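Listed below are the structures to be examined.
Shared chain: chain A. Partners: chain B in the first complex, chain C in the second.
So, the complex of A and B:
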């Protein structure tokens, strides 16, 4: 007669559950981490939510009739307007959390060793989110979205060499009947890639996060309750936007169906793409636009090396002040890129110049000064 | 002919008025105004403008009974000569650009959402006709309008006092007709407004409650470690 304890059903068949249980109960975390440290988790929750709501939209969406099919979802599918609003506003929430997490990362210098790898993965997620966000915007089939796609596809055709070959493959030639179906596929696959990036960033973070020598706490119940608070407030803000401001941050002219004979005077983007579109318009020409966008994201990737201070320096007052100025600068850049007044194009230049000045000149200078 | 049709329409629409004229964040579609606006729309606007995103069956959401909507649709002759059914979209008059000096009358389904200023803009265009000031030379087949960008619009001033007769006794001034048809187009641009606000109030109340519970639970759990 055996005295062995019979392993539970979940231990035999779903062993990852007991791994989770062990992990959740292990006292390895610092006490009272700030709420803002939850923002990257909220981004990944938001991406999963976008995946699910996007799945519902995808079964009704037809890229051949982009604008009409979203009208159909909004007006004729039961609760389709709700799911469509979930997806559109969910994108705003994900980017809101991502921009705030980025700002906090700059504020606490979250890119410093040993967290450089975590930072790089998170910037990769941010870049993928921006591409997925832009493609999702083009899928709406509105006037702004379609003309943005048309210009991007035309620009890709004018590139030569490897970028040209990639651009031609990506867009499949000028914006036509075949373009939006491709965009739909890339939109879906980018969502999956973002989830993969989240997994990579999490394992990178776990590998380098030190266990506090004394007074460590377990995730459950301490951080489960804290995360629950963050998720509730996040959901509350989301609900207010979905139900009372469903078109928050979206250009209203995108609610006009695209017309190949009517060119918008100025391309307008959702708020989360506006700063990057401003950087893209800094330099003239196709390569100027690419340099602006790639450079704008590239300086974020390069931050672990642009910061010249050693590993143990706390951020000084001047650096923190400049970080806040940068936050206002990015807000201003987004506003200037979205306004149709003549002042906008001048301010885009000023704010865009300051953006690159901050990362390429002020950050190395100030961090080196403060490290002395 | 138009007067007869308008009178028939008014009779069809003479149902119980389900008015809730509150506006704002918690506002709902003013169904009485939108019903009057439907009458104006069908009598005046529908001669030139399409409403391609709206089916006749959708009108039940304005508080019309299924019989009233069926009667309304039956009174409309589609391009093929058959009376409209509930599942038809609003009849497209197929007005080409030639009729208005090159300007195609736009589809009005989403016009309130598609223009800066929304309701105020649409109402402003409908009531903004005036004599051209001295020094303004109008383009051929254009009319002076204070609200329209550039001041010259290809649509003539179509709303007149008593263009329709309202079943609920509201005096049919041109300004009233403009306000009512704007309310109707506000509904066509955002048909889910009522459901959205109704669910929204409940969702927000629930999430406020849930946030409170979450904060209380978090404090209770952390009390023993900190």
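So, the complex of A and C:
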């Protein structure tokens, strides 16, 4: 446009802007990537949004009066009800995108070489999100949340050795006046760690993505529209939940303030924690719970090695069918862990057994079979 | 040729695309602003702080020649009801003869001349003033006296002598009626 030799003001004082612009315009992306490849990006956008709304909530939140301070935010802070709903529903949206991204990763075998490092980082983000999600749930100070924290802290006290020492350090003894303040600090630290994990996963992805030599396109203008459409759909679902179902997926008993003398008949969790709580109840005892949760996440980390097919192998029909069955299995596991009927505990055993069977037996078997 | 003519007056695919482009960006910007606004707005004062900042005080119960103390915005605020003698003594003092010149009408609200509302902190050494109660030491002008550095104020809160050089600050307030004043 201009023929001046003099560099622009932004070029001399804010060079990162021009770097960013040329980065967006550099042709490094494959043509016609599928829409669903956007899901990890939506998780990142959601995490940044949760950070912003969480910082606003942290200004008013008081762990000594957890339930009352959230009531105060809802009633006395300007637009506080909206910011609180942004955070609560935003968590649901982030987990929705994360679960879908996980399913798509299984479907297209996104964990295969050379993407194993990207997969490990994304699973680390997923694990950190689950811990941050549980701690955020306990911060609500509702009946379910408080009892969940009480049980966890009591279990930590019963452990011996290194796990017991870590548990006592983490919870600071039984659930009391000092527990929620440290949960708040851990929640904030985990939020920062998730942002760091997003950066690590992005750099890992950039390191292994081959630059297509022919026909590569730039992010802008070829993908901006696609991302904008995906974000619009995401925002539309988010808006519907915020304004019409602000407590979506939360146990309704959590809307009652915690009472140490009234024990809920069954511990219930938000929908995004329910499948993991089901895995935690598979085996008896405290160590059984830990093995269930850690094992449930561990098999996801181990997927690059559980899959026995070669790097250039395309997924077969049986594998895809089993992946869909696994998706239904996890949904069923979450439902069974959240129902109070007697059938629930039996179904948790069945669905939990199938979960581990899928990863530890069926995945190596079917991928090795189909690779031949 | 008809196509070209339409393009020339701005009805072609190109201008339609540009219009949609601008429309989409504008809608997106409005949406982003609508999401960010609650986050900014929530960081303003909450309803409790807002109410405390616009506190309403009943002044009907204040007896003549005494003052009440209220805390507003973290400051001790003295609300004093003057006697007829105190008004007569201070109404016609020549402002130029005072250390910090201020007339009678600068220190009271028109229509409510018997009430003086000041921040009760000495303007020299920061120290709470004495003289709200008739039995307190009030100094030679029957106003307020600083127990820390001995500065003397008249009933209108104007400094008369002492290390202090400024009159007492007047907080922002309005009379709602004869009995109520609202701060802020």
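Brief remarks follow.
Everything that follows uses one rule, which is that the second predicted complex is superposed on the first by the 368 of 372 C-alpha atoms of A that agree within 3 Å, B and C clash if a C-alpha of one lies under 4 Å from a C-alpha of the other, contacts with A are read in each partner's own complex, and residues count from 1 in each chain.
Basically, a residue touches a chain if its C-beta (ideal position, glycine included) is under 8 Å from a C-beta of that chain, and two chains touch if they have at least 3 such contacts.
Note that the structure is predicted; figures quoted are calculated from it, not measured.
With the C-alpha superposition on chain A as described, chain C and chain B fit side by side in the combined arrangement. Of the two partner chains placed around the shared chain by superposition, chain C is the only one that A:53 touches, whereas chain B remains out of contact.
Once chain A of one complex is fitted onto chain A of the other, the partner contacts of A:83 are limited to chain C, with no touch recorded for chain B. Annotation for chain A, partner touching more residues between chain B and chain C: B.
In the superposition on chain A, no contact is made by A:62 with either chain B or chain C. The superposition places the C-alpha centres of chain B and chain C at an angle of 50 degrees about the C-alpha centre of chain A, rounded in steps of 10. In the superposition on chain A, no contact is made by A:209 with either chain B or chain C. When the two structures are aligned on the shared chain, A:228 is found in touch with chain B and with chain C. Of the two partner chains, chain B is the only one that A:252 touches; chain C does not reach it. In this overlay, which is a superposition and not a single complex, chain B and chain C have their closest Cα atoms 5 Å apart. Counting contacts as defined above, chain A residues 75-76, 82, 228, 235 meet chain B in one complex and chain C in the other.
For chain A in complex with chain B, the touching residues are 31-32, 71, 74-76, 81-82, 85, 215, 217, 221-222, 225-226, 228-229, 231-233, 235-236, 239-240, 242-244, 246-247, 252-253, 255-256. Only residues 25, 53-55, 58, 109-110, 113-116, 191-192, 195-197, 199-201, 203-204, 207-208, 210-211, 214-215, 217-218, 221-222, 225-226 of chain B touch chain A when the two sit together in their complex. Of all residues in chain C, only 24, 28, 31, 35, 37-39, 41-44, 46-48 touch chain A in the complex they form. Chain contact summary for the complex, chain A toward chain C: residues 52-53, 56, 59-60, 72, 75-80, 82-83, 86, 228, 235.
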